[in-house]
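Once you scroll down, you'll see the structures, which are given as structure tokens.
Next, two complexes with subunit A in common: one pairs it with subunit B, the other with subunit C.
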Partner chain A sequence: MKLLGGYSPQLLFYILNDLMFKKLPNFAVTNQFGLFLLVILFVLFFSFFTDGFSSRFNLFALSRVVAIDIMIGLAMMVVILTGGLNLSLGALGVSAAMFGGWLMEVVGIPIIPAMLLTLAMGGFLGWINGYVTVKTGVHSFIVTLATMSIYFGMMTLFTEAEAFRKLPETFTDFGSLKLFNKYVSPLLLVSIFFVFLLFYLFKFTDLGRKLIAAGANPDAAELSGISVGQMFIYCHILSGLLAAVAALMLTSRIGAAIPSMAGNLGFDWLLPAFLAPVLGGTLLSGGKVTVFGTMLGAVLVTLITNGLYLIEVGEFWIRFFLGIILLLAVLLDKAREFFAQKSNVLS
Partner chain B sequence: MNFFSQEYFKKDWFGLLIVVLLSGVIISFFKPAFLSSFNLYVLMLSVSLWLVVAMSQMIIIAIGQMNLSVGAIGGLVAISFTGLMEVHGFSIPYAILTGLFIGLFCGFINGFLTVKTGISAFIITLATLYIFKGMNLGITEAQPFYQIPESIKNFGNAKIIGPVPYLIIIPIIITVMMWLLMNKTQSGRNMLAYGNSVQSSELMGISPTKVVITAHVISGFLAAIGGMLVVCRLQLGTPNIGDSWLLPSFAAPVIGGAVLAGGKVDVIATALGVIIVAIISQALVIFKIDPFFVQILLGFMILIAVFINRYREYKEERRKKIFIYEASHE
Partner chain C sequence: MNNLCLEIKEASKKFPGVLALDNADFKLKKGSIHALLGENGAGKSTLIKIITGLYKQDTGKLLINNVETSLNSPTEAQNRGISVVHQERNLIRRFSVGENLLLNDLPKNKFGLINYKLVFERSKEWLDLMDLNIDPRTVVSDLTVAKMQLCEIAKALSIKSRILLLDEPTSSLSPQETEHLFKVLQKIVREEDVSIVFVSHKLEEVFELCDQVTVLRDGKNACTSESINKLTRQNLVKLMIGREEQIIKSEKKVVSDQKTVLRLEKINTELGHHDINLTLGKGEIIGLYGLVGSGRTELAKCLLGLEKIVSGQIKINENEVRLDSPKTALDRFKIGYISEDRKKEGLILMHNVLENAGITIWSKIKSFLSFLSDKAIHAKVDPFIRELEVKTPSYSQLISNLSGGNQQKISVAKWLAAGTDILIIDEPTVGIDIKTKSYIHELIIGLAKKGTSIVLISSDMPEMISLADRVIVMKNFKIEGNEPNSHNYADMSSKIMAYIHD
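Up next is the complex of A and B:
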């Protein structure tokens, strides 16, 4: 019996039973697996039917874009966890990045401290979102709608809508660096690092479990001694931090901190921000996060956008298709939920 | 009976009316140019557009949802309206009818998808926002339409009397109709009941499908009118019409005391909210303050309005509790 590590024979029986009679291992029926297949399908499709999809240049460009989309998706995901959302994501990120650009160019602080201060700024702006949401009890939609306008307005006011173009070269070089036989941008590695960090946070730390518990059932969490308000504020701070990271990466990629890099009011980030977590299987009602799903969702979105450009649908129709994809994604999500419930009832 | 305990002091719109009057008096005291005929004309023009946009959002807030695609519908209608006239040679009435129909149809899609799938209106309208906006850009390739018939240009410029523009007639009619709808009709009350509590409204026999689709169709219709009003005012149909509608569309109803969870909206207060936003934006121009301040201020005004609404709810709850406590200790 010692070989079995103290498992009772009965438990062993259950495990064997599980392995034998469940035809597919758990991973295969998860959302991530379906997404993974879709990603592979699209990669194959685009590399056969378009010129230049698998070219070194395109893959490098893709890795730079996908890196940022992953961060944006994660930044939204941690707020969706609370059952809320963060409309100010783009405005917040751009404000933080402009602050960073100002620190590097005008104040002349070395890169590392400047980046840390930028992250602190992102966290602070996120804290404002969280604090106001929790203290007023108003839905985060309206709070972040207001702060979106405030952050973006303040940023434009302070910078006078001027870009910071003379950033330190080490910082901008990082964005154009090519790794692995010039196929991959280091930005993607940064994103993957954050993916694993968040995975660790939500899977293996006390804090992460508390955050999920607070999002899943605030009342139950409160009763079991978790300060739900505080957890929600943490989620917003985390969202601000991740948005600041995304904006810093974008700044490094463009080579300048530009006020309009996320569109007016930072609205251009909103679609990838929602697409990635929703495709990845994060529940909009809160309480469930899928870090790897969000990553795969972001990859899928970037792939499709890139592919649409390559098959020349015209850049103006891309938004249209992304809107349709978001719609299909939520409809599929709903269908999956429905069938999951049905199979639960049956078993 | 104390003078201050009169019924209208407790209404949402009363406090706002005082704010409107006070701010008007204060601004015109410092800058008499505020009351100049030209300034009032500009003020009324901006009020007339935002009134329609705010009503379009308000009716969705009434059922406890939100419509991000208001601006996208307005933009799509604006370019279809002008494009049909310029490229396809539609006559004005047909172009207007087609524009309104597009608005109705877009609203119907929003409502249908929301109620049939049970997915939150936020995410549905976010998707349709990009779909409508994508269609807009795909059709126009980001180029504006310039050929607007003279009669439409004249309508956009003409004044009825003194500084009052013709353009304000339609928004005023819409506001009155909305007031009647929300306060005097069965379907308006049904919407508020649905917004207040989906479950109890269903138990009362109100059909959610009917309520949600009606509200979204009206919202799309109003957004369409808004888009066409902008065309009249700008005298051209640009694809970026509607891009900046999101914030103002929420600002006015929220300042007007609408509860975002649904079930409580006040048409008059929303209209006053529009006027307050317009006056303040105008004042910033008159005092030569950076226009970016308008955005910041609008954000702060939403937050402050939310705080005030919250505080009033809190007081109301307390008052009820004390009342119940006293009643049980009689």
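Up next is the complex of A and C:
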């Protein structure tokens, strides 16, 4: 039962395992390992069947995109932890980045303080999401649907839909810098830094444990002396911060802060935002995070998107496939819950 | 040919860690009102769930009108004429009474639209049968609880139910309403060929209404379909609890040197508690006794700051305090609360033993940068988990995989680890096997001896009388009585019941 209670790739893996009629060591059936295996599988597939997948140019481009998708996935993950979601993710991130662009280009303050203020703006917008959600008791779906529109509208109003294209070179150069024999973007290192930071938070700190407990069972957590409302607000602040980081990275990559860089209302971010954590094994009902899983989920999504581009199947097909994958991942999330309940029929 | 409309033969049902039903028998005669009695956790609800198709028995048979049947869902049970009248109302509050009564089969006109004239005409007949003088056009939410309940019974009859299960139907009714309900029940049994299974904790009602009784104890029959005339109240109590008196007893303490740690003065709450005055001494165990819905758990939640206190004072160590959240209660005043609902409010089922046992002490033992390792938590909670003899293969075992008794031990362990001065313990032994139960009783007494002050909320009279130093009786969100415990069961129980039924 425990094996079946696993996650998307794990389930697949279990079935494969079953078909081969032999037992694999325990670590091999963990969720992350299954995802990792899928990543390898797709890398091999695309390397064989496309031109230029493993080229230095493509891998560098891939690393830049992956870096941002990881941040987006993590930003969504920390809100899914509360059993909620953050639809305003894209709008919020872009708003913060436009604020940062304005600070650097128009106000002219140095890069580091400008970036810190951008993060503060992201955190503040996240705080609004969290505060309204907790105080009104309205589901975060509705709250962030509203703030998505509000943030994007305000941002468009202030910027008059104009981009900031004369950002400091030091800032934009970072996005095009190539490391490790020109294979890897430093942006990916930033993301990996945040992955470890969040891993530390959730695994080794008092605060992280409280966030998870609050998400897993708000009533029990509250009665155990945890201020659940506050924890939920922290999650939304964290989501805002991470979204701002993602948007700053995107700004640095494309060399300008553009209002439409995440699509209209930030829609372009939503699909990868949900895909990464759900594939990674984060429970949609809350209370479980998988930081490395989310990272691998983001890698898988970017990989598939990139590979399909290289096969030249066309934009619409890519969206089609990503949609299908999300549906499958959500179905497996349901299966996870079902098995989790099946295995504890104690009442 | 016997005249049984429902029979259960040697049914057993096992859940991980507990045998909820152990070869239980149950025979319902046609046209009888049959009491199903037992302590909490005796297997009543499991039996009811089998009868209504929610559970399937592991072994044993279920016969309807002497034909062996298997019920796979509540709908199937309903189709076979078995309906439950729940404590929670099953009516749609915004619909009219008439619509609700005939909801499953609303009469339609030739265009397929609902024929409201017919709806109200037909439903009126059912209401008349219930001696209910209300307009079927009334919206359900405008009715009193008692009338809603009668409507539910009418609804059950309208779908041709011939076996009705009533689970604690009188817990929120006034004496007059109860009397009306009983008259109606007796009438429908007489006139409509209905049989009733009646579950209640109030023995007076059982003697007034029922003609037969089945008592369950620890999943087994203490008696099966006994005629009520052959039994006395004492017989029945003995059948339910299995013995006259519990073995464990708290010792009488010297009251004079007791320091008051908690004092409630004239507390009124938003939930409706009125003029609550209460003191709790150091190392004292006070018991809050009352029926379901008398406001005991709600009072605890008010103390934790989860519900608003409108007026009055809370004093801890004679200083007036404000309690605005469980966090404040725990961090500043060392008050803990062990919930009656360990699955919903006590534990995080999807997390492991270590996470659950350590949750109350994370803040206390974190170090620089809020760093907190499993090892640090382990070191802190391990003594308590050992002391409680929790049976778990490892501390990384998920709570949901433990038995009920071990789960309860963990939810106690986390408050032991927290080192509270005042511990509110809400129904600590519901649904727990006898062994763990007496273990937890000993533990509570031990805690009090070491100086922890305890508020014990329990509906289990023997438990109350064996543990509490004083018993405080609550009724309708008010304190009705404050009785020092004599530890004499007969004496105490009659005193307590007198407060409830005066």
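Here, the second predicted complex is superposed on the first by the 305 of 347 C-alpha atoms of A that agree within 3 Å, B and C clash if a C-alpha of one lies under 4 Å from a C-alpha of the other, contacts with A are read in each partner's own complex, and residues count from 1 in each chain.
Quick note on the criterion: a residue touches a chain if its C-beta (ideal position, glycine included) is under 8 Å from a C-beta of that chain, and two chains touch if they have at least 3 such contacts.
Source: prediction; values computed, not measured.
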- Query: In the superposed arrangement, which partner chain does A:Ala213 touch: subunit B (first), subunit C (second), both, or neither?
  - Reply: second
- Item | Which of subunit B and subunit C A:Ala146 touches, first, second, both or neither | first
- Message: On the A-aligned overlay, A:Phe321 touches which partner chain: subunit B = first, subunit C = second, or both, or neither?
- Response: first
- Message: Quick check on the superposed pair: does A:Asp268 touch subunit B, subunit C, both, or neither? Answer first, second, both or neither.
- Response: neither
- Message: One more residue to check, A:Leu223. First (subunit B), second (subunit C), both or neither?
- Response: second
- Item | Broader residue contact with subunit A after superposition on the shared chain, subunit B or subunit C | B
- Query: Can A:Lys334 be said to touch subunit B (first), subunit C (second), both, or neither?
  - Reply: first
- Residues of subunit A touching subunit B in the complex: 85, 132, 136-139, 141-143, 145-150, 152-154, 156-157, 264-265, 270-271, 274, 278, 284, 314, 316-324, 326-327, 330-331, 334
- subunit C to subunit A touching residues, read off their complex: 15-17, 304, 306, 325-327, 329-331, 337, 339, 343-351, 355, 359-360, 362-363, 366, 369-373, 398, 400-401, 403-404, 407, 414, 418
- Which subunit B residues qualify as touching subunit A in the complex? 66, 113, 117-120, 122-124, 126-135, 137-138, 140-142, 243-244, 246-247, 250, 254, 260-261, 290, 292-296, 298-300, 302-303, 306-307, 310
- Residue numbers on subunit A that touch subunit C, as the complex places them: 204-207, 209-210, 212-213, 216-217, 219-227, 287-288, 340, 343-347
